[in-house]
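Some structures to go through are shown next.
Okay, so chain A shows up in both of these, paired with chain B first and chain C after.
Coming up: the complex of A and B.
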C-alpha cells in the first residue's frame, strides 16, 4: 500500500491539467497567428494585409517559444515543489487555487510587484544586464529544437541550420557569462564567489557534455537536429541511447519475422551486420557506449544548469544564495525562470539526441495502431470529426501532435529524474567537482569516442 | 603572526622578481568575509570572521554572544521553582539534560536520595532525548552538506514520535520541565511504556534505513572522509567532550567514567572510533550512540521498579539547603556540568554552568585552517553545537 497515494493522485491530476493548459495555449496561439490569420489575409487584395500575413507566419516559432517558456517554467516550479514534497513526506503548496495549481502564478505576480533593489556600490548597468544575458540564450537556443520536436512542421522552421546542435550547445553555454556578470556586479563577496565558481564549473563540464553529443553526431553522420530526430523514428530499438541505430537491423529483422511479407530475415541481417560475429561485438560495444554517454550527458547537463549535486554557484548552506544573493523582484524572477527553462532545454536536447525525439517508444511491429485491422475501423469512426479539424481548419496536425506529446512526456520524465536526484544527493565540494570532471568524465568520453569510431565501421547504419 | 607572514611574502616576492623580471606579478589579496550572524547554516547566530585566500580559509575568528541571555544571573534572581522551568531553554534540543544537571547538583546539596523509579524514569527520558537530539543533528547536518530536500526530513519522522512521548509525559514538546529537584514530575501511564517499547523495537531498523541512504553514499564519503581531522591531543587540550571526543578515540563518557544515577546497573558500550577523528567518524559515533541509547531504553523498560517518584513538594516554596554542589551529566553534546552555591533561601546564591558546546566550538578555528570554504559547513556541523548553549 502506498502511504501517500492520495497526494500522488492529486499531483497527477495537477500535472495533466497544467500540461493541457500549456498545450492548448501554445498550439492555440500558433494556430491563430500561423494558420488562421494568414489564411484569412492571404487572398486579400491589399498589399499591407498580405505583408501582415507573411510576418505572422514568420514570427510563429518565436511566438510559440515566448508563450511556452513562462507557462512551462511556472508548471515546472510547481511540479518540482510538489514532487519534492512527495519525496520528503510533506504536502507541498496546496492553498492557492485548486490543490495549489495557481501557486506559482501567484508567486510570479508577487515577484513582479516587488521593489527592484540595486545594492549600494553595485554596477547598475551590469547588474541589470546579467539576468537578461542569462535568460536570452534559452530563447534562441530553443528555436532550432522546435522543428525537431514538432516532427518538422513547416510552421516552425524559422531557420534551416545545418549545424543545428552546435548552435544549441553554443547558445546554452552563454548563460554562464550572465552568472559571472551578476556575481561580479552585485558588490557582494558571496555573489562574487558564486559567479567565479560557476565559470570554473561551466568550463570543465562543457567538455564532457559536448564530447558526448559529438559522439552521437558521429554515429548519426549529421549535425542537423531535425535529421537526427528523424533517423531514430520507429521505436525504442532505433533510438540513439541503444547503440545509436546499431539495433535498427535487429528491429527490421523482427519486423520481417512477424510480417513474413517483406524480405527474408537472413537478408536483412546480412544487409545491416555484414561481418558476422565482428558486427555482434560492434553492436554490444555501441550499446554500452551510448548508454554510458547518456549518463555522462545527464551529469554534464546537471552541472551546466547548476542543479544538485553540482549546485555550487548557489550553494545555499555555503554562499547563502550564490550569484543571485542580491537580486530581488523581477530580476530574480528572470534568473529563476531561466534556470528552469535551461533545465527543460537540456532535457529536450537529451530527448532529441538520445531518446528518439518525438518518436513513440513502441517499435512499429508492437504498436497496435500500425496494424490495418486496428486503424482502419478507428479512422472510419473518427474521420467525420477529424477531417473537419485536420483538413478544413487545420486545427489538428496529427504528426505534430504525437511528436510534441511524446517529447513532452519524455522531457518531463527527465525533469522528474532531475528532481529525484535533487531529493537524494548531497553537494560536491569545488575541488572534488573539478577532479570528477577532468579526471573521470573527460577521459571516459574520449575513450568512448575512439571506441565508437572503430565500432561503427562494422555495422551499416540507417540504410 | 601577520608581520612574519608578510615578511615571508615579501621575501618570496623578491625572489620571484630576481628570477624573472619579465613576468608581471599576479597580485592576490586575502579577503575577509563575514559568515553570519545571519547565515543559513550557522545554526543560530554564530558569527565567523573568515580570512580567505581564494576559497581557502586562512584564519577564523568566532564571535559569540549574540544569544547571551544571562542564564546564570537569571538563576540568582529567580526562585528554585521558577529556575528549574527556565533552564530547559539553555540547550533547547536536550532540555532533559540541563534539568537533570541542575537537579542532581541541588540534590547533592540537599543530601536527598531520589526514589529508584524516578532515577529509572530520568534515564529513560534522557536517552529518548539523546536520540531525538541526534536525529535532529543528522537532519541538519545533511542540509549543511547540501542534501537540501531529501533525507533530512526522514529523521524527523522518528523525532516526531519521541516528541509526542514527551508531550504525553511532560505536557510539552521541547521545554519539558520534567526532571525536578527530588524526582520527576509525573508517572506515565502503562500505555505510554507500551508505546515506547514499540518505538524501540522498530527504531534499530529505522537507523539501518538512514545508514543505507547516508553512510556509504559516495558524495557523502567524499565530503566527510579525511575532513576536519581532530587529533586526540588537540581535542583533549581544548576540553572537547561528548561524541566529538569519542570519535577522536578517547573513551570518555561520564555514564561510564563517573557513573551517576542507575547507569552502573545498565549494560551499554561507549562507541569509540579510533581511526582519524574526521567528520565521518563523528557521524558514525552519533549513529552508534543512537543504537546504544535504544538498547539502554529497552533495558530500563525491563528493569523499571514500582514505587514513588517524588520526594519534595513542588511549589513556590521549594528550597535547597545551604551549601555547595557540583554535578555533571553526559548530554548529547558532551559533559554538562552545574555548580551551585546555595544559602538556604528560596533563591540560589550563585550558579555556574559548564556547557559542552562552548568547549566544542573553541576547537573550530584550528580545524578550519587551510580548508576550503565548503568544508566549513561539513566541519562546523559535525561538532553539533547549539548556540544558546554556547552563549547561555
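Coming up: the complex of A and C.
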C-alpha cells in the first residue's frame, strides 16, 4: 500500500486542474487574437482593418507568452511546494481553496499589495532596473520556442528565427546581469556577495551548457529549433537523446521487418550504416555521448537558473536571501516570477533539443494510432463531432494539440525532476562548484564534441 | 488601397533610419556615462547598455548571428567579468578622482588622439567592398565558411593569442605549491 496516496492524489488533481486552466487560457487568447479577429476583419474593405488584423497576427506569440508566464509561475510555485511536501512527508499548502489550490494566487495578490521599499543608500535607478533586466529576457527567449513546441503552427511561424536556439541561449544569458546589478545596487553586503557568486557561477556553467547544445546542433546540422524538432519525429529512437538520429536506421529497419511492403531490411541498413562495424562503433559512441550531454545540459541549466544544488547566489543559511535580500513587493514578485519562468524555459529547451519536441515517444510501428485499421474508424466516429471545431472555426488544431500535449507532459516531468533534485541534494560549496564546472564539465563536453564530430562521419543522418 | 501601400513603403524605408537614431540615442549617452560616471561599477553597467545598442545595430543590418554573439560574449560575458574584477578590487568605492599627474594626462590624450585618427581613417577609407548578393536570413553558414577558408589564418592567430593570454592568466593566478606540499607531507608522516 502506498503510504502517501492521499498526497499523490492531491498533487495529480492540482496539476490536472491548473494545467487545464493555463493552457485553455493561453490557447483561448491565441485563437481570439490570431484567428477570430483576423477572420472577422478579412472581408472588410478598409485599409485600417487590414492593418489591425496584421498587427493582431503579429502580436499573437507575444500575447501567448505574456498570458502564459504569470499563471504558469503561480502553478509551478504551488507544484513545487506540493511535491516537496510529498517528498518530505509533510502537509503541503492546505488553507486557501480546495487542498490549497489557490495558495499562490493569494500569495501573488499579497505581494502586489505590499509596500515597495528602496533602501537608503541604494542606487535607485539600478535597483529598479534589475528586476526588469532579470525578467524581460525570459519573455523574449520563450518566443522562438513557440513554433517548435506547437508543431510549427501557422500562428507562431512569425516568431521562428533562423538562428533559433542561439537566440534562446543569448536571451537566457542576460538575466545574470540583472542579478549582479540588483546585488550591487542594494547597498547590502549579502546582496553584493550573492550577485558576485551568481556572476561567477553563471559564466562558468554557461560554457558546458552552450557546448552541449552546440554538439546537438552539430548533429542536427541546423540552429533552427523547428527543424531540430521536426528531425526527431517518429518515436523515441529518433530523439536526440539517443544518438541524435543515429538510431533512425534501426527504427526504419524494424519498421521494414514488421511491414513486408517496404524495402528489404538489408538495403535499409546499408543506406544508413554504410561502413559495417565502424558504423556500429559510431552508433554506440553517439548514443553514449548524447546521453552524457543530456546530463551535462541538465547540470549546466540547473546552475544557470540557480536551482538548489547550485543556489549559492541566494544561499539562505549564509547570505540571508542573497541578491534579493533588500527587495520587497512587486519587484520581489518579478524576481520570483522570472526564476520559475526560467526553470520552465530551460526544461522546454531540453525537451526540444533532446526529447523530441512534440513527438510521441512510441515509434511509429508500435503506435496503434498510426495503423489505418485503427485510426480510420476512430476518425469516422469523431469527425462529425469535431468537424465544427476543427474545420469551421479552427478552435482545435489536431497537429498542435498532440504536439503541445506531449511537450507539456515532458516539460513538467523535467520540472518535477528538478524539484526532486532540490528535495534530495545539499548545496555545493563555492570552490567545489568552480572545480566541478571548470575541471570536470568543460573537458568532458570538449572531448564529447570531438568524438561526435568524428562519429557522425560514419553514419548517414536524416536520409 | 494605394495610400495604404504608400504608407507601408514609407514605413519600411523609415523604420530602419528611425531605429538607427533610436539606438544611437541609447548608445551615445551610455558611452559618455561609461567615461564620466563617478561610480566605476555603474560605468560597467553602462558599458552593457552600449554593447546592447550595438547589437541592435547588427540586427538592423540583418546580421542576426553577430548581434546575438555580441550580446552573449561582449554584453554579458566579458563585461560581467570586468564588473566582477572591479567589485573584488574596490567594491563599491565611489572614489574621488585623485589629482592626476600632468604627464599622465598628456599620455592619455595622445593615445586617445591616435585611436580616434585610426578609427576615423578606417571609416573614411574607400575600400568597403559592397556585395550585390541578396541578403539571406541564414548567414551562419556564410560566416562559418568564410572563417575556415578566406580568413582561416587570422582566425587561427586569434585563437593562439587567446590561448597565450589564458596561459599567462593561469600562470599569474597560480599560487606557490611548495608550502602546501610541505604541510600535507608533514600530516602524512
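The criterion applied here is as follows: the second predicted complex is superposed on the first by the 461 of 463 C-alpha atoms of A that agree within 3 Å, B and C clash if a C-alpha of one lies under 4 Å from a C-alpha of the other, contacts with A are read in each partner's own complex, and residues count from 1 in each chain.
The rule we apply is simple: a contact is a pair of C-beta atoms (placed from the backbone, for glycine too) under 8 Å apart; a residue touches a chain by one contact, two chains touch by 3 or more.
Nothing here was measured: the structure is a model prediction, and the numbers come from that model.
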Partner chain in contact with A:39 - chain B first, chain C second, else both or neither: neither
Which of chain B and chain C A:450 touches, first, second, both or neither: neither
Partner chain(s) touched by A:174 [first = chain B, second = chain C, both, neither]: second
Partner chain(s) touched by A:409 [first = chain B, second = chain C, both, neither]: neither
First (chain B), second (chain C), both or neither touched by A:430: first
Partner chain in contact with A:382 - chain B first, chain C second, else both or neither: neither
Partner chain(s) touched by A:84 [first = chain B, second = chain C, both, neither]: first
Parts of chain A lying in touch with chain C, wherever the complex brings them together: 47, 50-51, 123, 126, 161-163, 166-167, 169-170, 173-174, 176-177, 180-181, 184, 187, 192, 195-196, 199-200, 202-203, 206, 223-224
Partner chain A, residues of chain B touching it in the complex: 31, 33, 39-41, 55, 142-154, 157, 213, 217, 219-220, 222-223, 372-377
Partner chain A, residues of chain C touching it in the complex: 1, 3-4, 39, 41-42, 45, 48, 64-65, 68-69, 71-72, 75-77, 80-81, 83-84, 87-88, 91-92, 137-138, 140
Sites on chain A touched by chain B in the complex: 84, 87-90, 189-190, 193, 308-309, 311-312, 315-318, 320, 422-432
